[in-house]
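In what comes next, subunit A is part of two complexes: it sits with subunit B in the first one and with subunit C in the second one.
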Partner chain A sequence: MTVRRTGRMPWAHRLGRAGWAAVLVALYLFLLAPILVVLVESFDDATYLRFPPQGFTFDAYGQVFANESFRLGIQVSGVTAAVTALLAMIAGVPAALALTRLRFRGRSAIEAAFLSPLLVPHIVLGLALLLILAPIPLTDTYWGLILAHLGVTVPYVVRTVSAALMSADPRAEEAARTLGASGFTAFRRITLPAIRSGLLSGGVIAFLLSFDETVISLFVSGQNTVPLPVAVLQYVEYRSDPSIASLSVLLVLLSVVVVVLVERGLGLRRSLRSG
Partner chain B sequence: MTAEAVAAPAVRPVRPRGPGRHALALLAPGIVALLLTYAMPLVWVLRMSLNESGEGGLIRQTVSFATFAEVLSSAHWWNVIGQTVELGVLVTVCTLVVSYPLALFLARTTSRWRGLLVALAVTPLLISSVARTFGWMAILGNQGLVNKTLGELGIISEPLQLANNLTGVVIASTEIYMPFAILAMISGFGRLDPELEHAAASLGAPRRTVFRRVVLPLTLPGVLTAALMVFVLSLSGYVTPRLIGGGRVFVLATEIYDQATTALDWPVAAVLSVLLLALFGVVIAVYLRAQKVLEARFTGPQGARS
Partner chain C sequence: MGDTPHLVLSGLAKTYPGADGAAVRGIDLTVERGRILAVLGPSGCGKSTTLRLIAGLVAPTAGRIEVDGRDLTDVPVHRRDMGVVFQSYALFPHLDVARNVAFGLEMRAVGKAEVKRRVGEALELVRLGHLAGRRIAQLSGGQQQRVALARALVVEPSVLLLDEPLSNLDARLRSTMQDEIGRIQRETGITTVFVTHDQQEALSMADSVAVMNEGRIEQTGTPQDIYERPARPFVARFVGRANMVEGTSRGRDGERTLVELPGLGKVPAAGDPVETGRPATVMLRPHRIALAAAAPESGGARGTVLSAAYAGETVAYRVRLGDDGPVLDVERPTGSEASHGPGAEVALSWDPEAPRLVADPS
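What follows is the complex of A and B.
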């Protein structure tokens, strides 16, 4: 906002500024509207969705845990996300190390290949994984879900850990090597502590992505192993009651808690600010 | 993948060695993971698109473009492709319009609340799109917030049809992609410098001219990146068209899913996927071209433009 001090028509200027502020507030309201509605609805005491909500109760929160498919969904998504994050780290961290610390021919091509899954729409990947997993048959199993989520989480781990490795000073490692440390010792004693926050963010991102993955999971899950987002989607399609709202609020709280913990512990804020 | 990468001719005069034992050992787990869970399945889709579907959901193994021909000669599928592009364009335009003022404000403000305001703008990213779409169902439905409020105020007697159609999908998708657009714009607004605006204003340019001649050109690259991102995301978006569309909005994403799981016609699903990827290719080519044009205008002789 340019502040012009020409003294001409200050009222028009003030009106302009007020209008601008009103536009910004309206846009924020639009952006946050669905979240606010979900928050308000989650305390309603009706068994269907209505406006305005009339009672105030925590009943809907109880219903979340009384609902069998949600309980199972939380379990399926939690286990899948934990194993996926672990495997994505095992696959992604060494790759990030090779891509940032070693010089070899074809490095940039390999790097591009590692990040390329980010460009493919999940609806296509979901179909692709269905075609591969259905004949084995691994659809509707934990391992099927984990394999399906691995391809889309590895790139994020590679990217996050690479960024951490890039900002860590390689000269400290070289110094350690010069002083006689083996490659592994230099990694364990110098590099690892320097990129600890990057490793944790990579793991957390992989976990949250897998926990939240909807479209790919829709293709590879069936009747028995239904992750939470799929259970919610199927529920929302046929019914609308406040328990979905309560569940959403609980999930928001979960991700906020995770992000705040990571940020407080590891200075994610710094990397966010520079980005 | 590695074989190709290694075989690629090195352009650099000093030829670094190919991936040594160490590099290969470090890369191996990642390459295996991506081959199994990403590269191979995608190749399978391409292969499946060349098969034909026979009687009763059977798949006839063959190599032909018969399924492509079948899809591309049907008015129904051209409708679906048309609606996919229409939705993408509408959502992209709406998202850019509502995100630009916020991004501009967040990029320029010196308020001490800036951090909080940026966080507020991207918080929705933390919330699953299923939950946010559910919120929009509660707002746009016939018994929803908008219709109830307008009805009680006596402004409307019949509920506005805001859900189960394209309008509702556009409104909800716009909000869902807003945080992506705002982030892309803020990081693309790097060239925006308040000093330039001050300079233009002190030379007597009216606010409108300052915006048109200084702010807009400097922010266009960020807007372009945001446009690409939102367009690509909305072309392949599934959850919002399915839930808000209520089975009445047919786009490539919803049809790929239906063909794969309900109709069990995998060859057609694969062909639709290949067409979606082709659409992506076109969009990205257009983006790269537009970016080049913009770059040329920025780095070209400044006096040439009047």
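What follows is the complex of A and C.
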């Protein structure tokens, strides 16, 4: 009986596995198709966007860097995203600590306030920020952009870091204190390593969200500080050529590189520890 | 060793902020140097809270904690010098076994060579020398438990506190670890308080046992005191199994009190005397009652077997006394004597030491 079963099972098993693989491939194709189309198009030699492309050249990539507004946009978005990520961490990590560690009156109200920007449509946030920043006046400045981006990035940092803190064992920190570590030392030596990956992904998410932010940026940017996504929108309003596709490919690459670097960094540190 | 008070708790109480009642309601306890005290009680009675108060992880609402005559009540956790083993072990997942054990020594700024030597010794003590380089995630429950023990012991704390250290282990490993902890405690001679809800564990491992209920200590004594001379019905019921029969005191009979019990007549019982005419509760342990097939017209206590459950080494009977008297649990060893089926008429007997008066809390 067992013999017959083992003779048959792998067959059904293999069919099941093949089915799963097919579903997965189809799913990935569906998700990746737009990127693939853009990737292929980025090598076209035409002066307008078309699909399928006919020629093959790297010219479009050159055009991206030759374009003044793209170059400026990369600079504005890069600086904004870096400062935003840093400040979002400085604001978000202590907030996450307070929300997960302390019991105080109105804690859940404050928690809701921290997370509510996640629920508000960006177009509403953008309009509100414009109304607030215009009279200061902070519109069309780096600080205006950074302030606006903090509104959408801090909630993500709070959420990611809170989740990491919540999964760290509070008893381990207590054990460290009974072994002679002061509260701060116990946090630094025991809890911090446990939430390191949460901190890192919080910072990376903040950076990528800010770099990618379009709707809110449209409201609060002007002629002087034009972040890359806004520059792209302005460009395609009048023209559409393969350099837009090339730029998109570069943006995807940036995200992938950042994520891979972070993953590698974490993985490397982990294997160093265990080795 | 022994006889000099080492750890002294007086009037220790804790009410958590926002809680309706107190978790711990005034505890007085003394542990002598080098002895093991077990705090035994049901879930939620405040055992962990008591241990956390001693360790300094929560601040008491009232009361004092003294070690060696020194008041530690306001000393912060990291200066109390107490080794704590948590129920969940609370090992440091990002450090290997040796680094876990070394942590307390590093906090005391002990030199590298000495750290290495003492970590090695501590790991030998818990028989884990061969696993020094392992990651925590690669250890079994019993091994993790021993790492936690080594980590607490390596700093040579003045007092060792264990919070249900064995409750996550299976029955076999638990009894091995009970022996192991006993051996380590004897070898190190460290004053130890451990918390458990397992009465067998408390009786077999401790020099003295404090039975706790709803934030209070019901009785403190040697394991024999607690088991054979319970001071209150709660202790009798919680530590081992007990038949509690309520009756009326009918005066003294030499050393004992005569208690009139339904279905049993006047039974002499040891324990604190109860005034004639007052209600009295008598405890009878199931394994101290003997059963025999009832001879017709013989005197003494008689009853009818309601059920007999075979449990390997013993048979557990339920016996109704007289025609409508109380039902007693009786436990007899298998093999050596005849068994009785449901419906059988039996005669009950016990040695005169078996029945004990147990005072009501009032």
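Going forward, the second predicted complex is superposed on the first by the 229 of 275 C-alpha atoms of A that agree within 3 Å, B and C clash if a C-alpha of one lies under 4 Å from a C-alpha of the other, contacts with A are read in each partner's own complex, and residues count from 1 in each chain.
Methods note: a residue touches a chain if its C-beta (ideal position, glycine included) is under 8 Å from a C-beta of that chain, and two chains touch if they have at least 3 such contacts.
These numbers were taken from a predicted model, which means no experiment stands behind them.
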_For A:Ile244, using the defined touch cut-off, is the partner it touches subunit B, subunit C, both, or neither? Pick first, second, both or neither._
first
_Going by the contact rule set out at the top, does A:Ala176 touch subunit B (first), subunit C (second), both, or neither?_
second
_Contact breadth on subunit A, by residue count: subunit C or subunit B_ = B
*Indicate the residue numbers of subunit A shared between its subunit B interface and its subunit C interface, in ascending order.*
103, 183, 273
*Contact residues on subunit C for subunit A in the complex?*
17-18, 55-57, 76-84, 86, 88, 90-94, 96, 103-104, 107-108, 135, 148, 151-152, 155
*Of subunit B, residues touching subunit A in the complex*: 1-2, 4-6, 8, 10, 15-20, 22-23, 25-34, 36-38, 40-42, 44-45, 48, 98, 101-102, 105, 108, 115, 120-121, 123-124, 126-139, 141, 143-145, 148-149, 172, 175, 178-179, 187, 194, 197-198, 201, 207, 210, 232, 235-236, 238-239, 242-243, 252-253, 256-257, 260-261, 266, 269-270, 273, 276-277, 280
*Within their complex, state which residues of subunit A touch subunit B.*
1-2, 4, 16, 20, 23-24, 27-28, 30-38, 41, 49-52, 87-88, 90-92, 94-95, 97-99, 102-107, 109-110, 113-114, 116-117, 119-132, 147-148, 150-152, 154, 158, 183, 212, 214-215, 218-219, 229, 232-233, 236-237, 240, 244-245, 247-248, 251-252, 255-256, 259, 273, 275
_Can you tell me which positions in subunit A touch subunit C when the two form their complex?_
103, 169, 171-172, 174-183, 185-186, 189-190, 193-194, 273-274
